[in-house]
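Note that the chains take the letters A, B and C in the order they are written out, and that residue 1 is the start of every chain.
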């Protein structure tokens, strides 16, 4: 057994009206990775903020290598060798790898001039330690997400840190990048670092971590050596007794009725000859790695990117009619990955946000004035239907949790009641129970006849929801698979390892 | 609440000030011919010159026709709103005639209307009203004739010396009507006399930095240019620097001197002419402006008909050479060379 | 393959401007006899010297992703203070100029204070001080033109090794500033700020202090530019610095310094940008072009540069997408 690096004993923290942490004990060991799991609001962030010196705890104490410590601010925590690798990377795109690593503390000559030789040597050394082949002079803007993350980790390594906290590090990595990160974490472990790993992807926990600690409602719900805990047990620890929304056998595979068709979608260098049909009441999964063309296809359909060729048609009374981009924008709902950026008007109320796509239908008669009463009625109806937890429909969206924000966007499109919905990573960043709830809504919509294109990086989610899969690889659709395909096959096809030739569409 | 008290206090101060100043208003003497003057500012010597020349001229000519002049003078410190209230004050004092140099030609119209409502004649000076209300008379400088007289004098000098002129024309801001008129005048004279040819036009937007670079470049590009025409000489210092750069800042008669004709004869240029660097200029003539003003005021005071051209009383300047400068009287840029605002 | 296609486009943006500039120089050289002569180049850079210095200060502000449109007014007010000291209080020029430089730093500091401490948007702040500083200057000089002592005038037209002294000064300053931007901690922090203040805060950069210093530096350089301009003309005029801030922004964009912050260099950026604008004015002077043409040509160039900047920003997004795919 390795030595204890960090001990948090009996930590308690209350905010006005909320008990965020209660008697939490958490231990990290040198050369090991411990997963910190829990639904959103379980207290993970609070605990890590205590460790990072961002907030101060009420009860309990912290020990680092057996020595009792007290953090008054983030600098104190840094001084004790605690480093964060954030999900949102703190990088400067217009500057070089080297500058990015040293920006907070350059090696100096004469007080103000940067000692470049020293800087280059240290940088090269760290990149070697990470097994990373990027040049110190590369600009961040020219690097992929995985390499950017390496720069973040490199920066943390420079400071002689001993405890590394990874907060959702893989959420936007491709598979190759993810594998590389796992290798790097292995290296860090071998160097005797203690790793705290926060994630929503349970499968990663088994690849990376030695131990696990699960929080629920601000208390420790369980934990131990990962080898002794099954995934089902982990989920139960996290969510209590919520069932993940699996459609089981209620798949819509019977009499398929096409309603929407995309032909000859081409965008140079990005998409190549995309053709597919969508059926009524179907959940069609776009499966593939990040950058494989799945999101790009959705954007092209919505007219958000310029493309070289594209023909969109709808089926009406068994007849195929070509439609314009404008028609698409008015009749297909898009729920985006970046809800905070693309989808929501954060400082505006829930009710305003929900009516945003439906303004044409809630005007007062013969005028352009919005009928606020009607707006409120509809908002109330859908916040109820979607079980959105708000104090009033006038509450600002920025004050809602991620799951509720996503439901507001869903509500917006449900008000319009479109025949087709495209959802791009609708559950990204949500906790398990919020995910389950969104999944239930998706299923219900499909049952009511809405056709849905679902894009998600989470294989479990895709497996449990989709009727059919289109597998994207390097800008092409390489497979069209029915429900029932194995998880291994899907993963293999997306990564390009499995043989797809048998399944290529005509 | 605090705010409210503050606002109330400030309002009170304003009121108090208003009452006090109303009490301090000058009583208008009967029998006197009272002229209310509204200057837009008084921080430049030109305005002081206008005022002094005007008062002197009024005293000189007024008594002969039975006008006992009295002037009430307000200054708006470059604030159009202040000017409007200044003129309102003059109306309240029931002056016989109002004279104003507008800060804002677009705002002066309402003041003219107010004066007319009180049956007070209104004379607009130097800056035109840009509204439908034009006032009873406009008096101002005549940029076209000023440019023309300088240009003609330049042509004359060239012909006397037997030189074909190759002229660098330094223009003003092309959005300024004065600048455009002076340019038109020069180019007409060039064609009519054939004595000179404008080899290049340098636009400056009245920016001295552009006088400097523009003239420097022009001398570079046209080394055989032998005369220079300045639409205004207010930026003489920049002109001097440009000439020095090409080693052509020379007195009349010295080798390398470039024949220099200017408009305005502002203070720096006056010194330059005294020192023999400028060959000819037409003054922006504060004295003649004041004379014309008083002529108009006299007519209004005696109910004589106001007859003048479509443009108003447009006053040309006086043409002046180094030889004639000394004996010329009432040159404001000399009389007020050491003037500083009080 | 994909990456290559885009990088051709990218390099077109990078070097396209130089191609055009070279073309413009060629055109003027062949159509104006005295354009490409030492004397003309000398006086061209001489005329550009004040703008070179002021634009370099503006560049630092732009690197942080902000704008300071009060720089022309700082140049004006600080030189007004100097002119009044010399004229009314009989200060010797050297002493007066030291006070001018201090004034520049203080005025820049006022901008910095309003932005950092009072948290007012930089554009709004400097829009306010643009008017306020000029107003103060007008009050101080009573909108008089104040003639400089002969010694100052002499500096304005003096030469060292045949090149105007202020050209040397401007070039030295540019080199120094380029060095600071590229090699000093401060320069790196300024560039970092242009990538977003939020990120910089998380990285432990003293954001407020850096912004404050940047505005002080810009104010300081504006006052140097003001002195150079005043010495060249030989008098303090109400026109000094008027509109310079906008010319500076235009020059900076021409020089490939992104208004989005974080990108570009003092050399060649500022040098190229300012000299291009001056070169065109100079060239039009030489051609004896229609005076009404000047503003149109300038406007056209600035518009083109701004569009190119925006386009570049869009292209940048695409390049990242493709390189992501390739990793």
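Quick notes on this one:
The working rule: a contact is a pair of C-beta atoms (placed from the backbone, for glycine too) under 8 Å apart; a residue touches a chain by one contact, two chains touch by 3 or more.
As the structure is a computational prediction, the values presented were derived from the model and not from experiment.
If each chain is reduced to the average of its C-alpha atoms, the one that sits nearest the average of all protein C-alpha atoms is C.
If you tally contacting C-beta pairs for each pair of chains, B-C comes out on top. Distance between chain centres (mean CA atoms), chain B to chain C: 35 Å. A separation of 44 Å divides the Cα centre of chain A from that of chain C. Per-chain Cα centroids separate chain A from chain B by 72 Å. By the touch criterion stated above, chain C contacts chain A in their complex at residues 1-2, 5-6, 183-186, 188-189, 191-192, 194-196, 199-200, 202-205, 261-263, 316, 319-327.
Chain B contributes residues 41, 43-44, 78, 171, 174, 199-203, 206-209, 211-214, 216-218, 220-223, 234-235, 237-238, 240-241, 244-245, 268, 340-341 to its touches with chain C in the complex.
Within the complex formed with chain C, the chain A residues making contact are 75, 86, 90-95, 99, 103-106, 108, 112-114, 116, 141-147, 174, 176-177, 268-270, 290-291, 474.
Contacts from chain C toward chain B in the complex involve residues 32-35, 37, 39-40, 43-44, 46-47, 50, 138, 142-145, 147-148, 153, 156-157, 229, 232-235, 237, 239-240, 242, 278, 281-282, 285-288, 290-292, 294.
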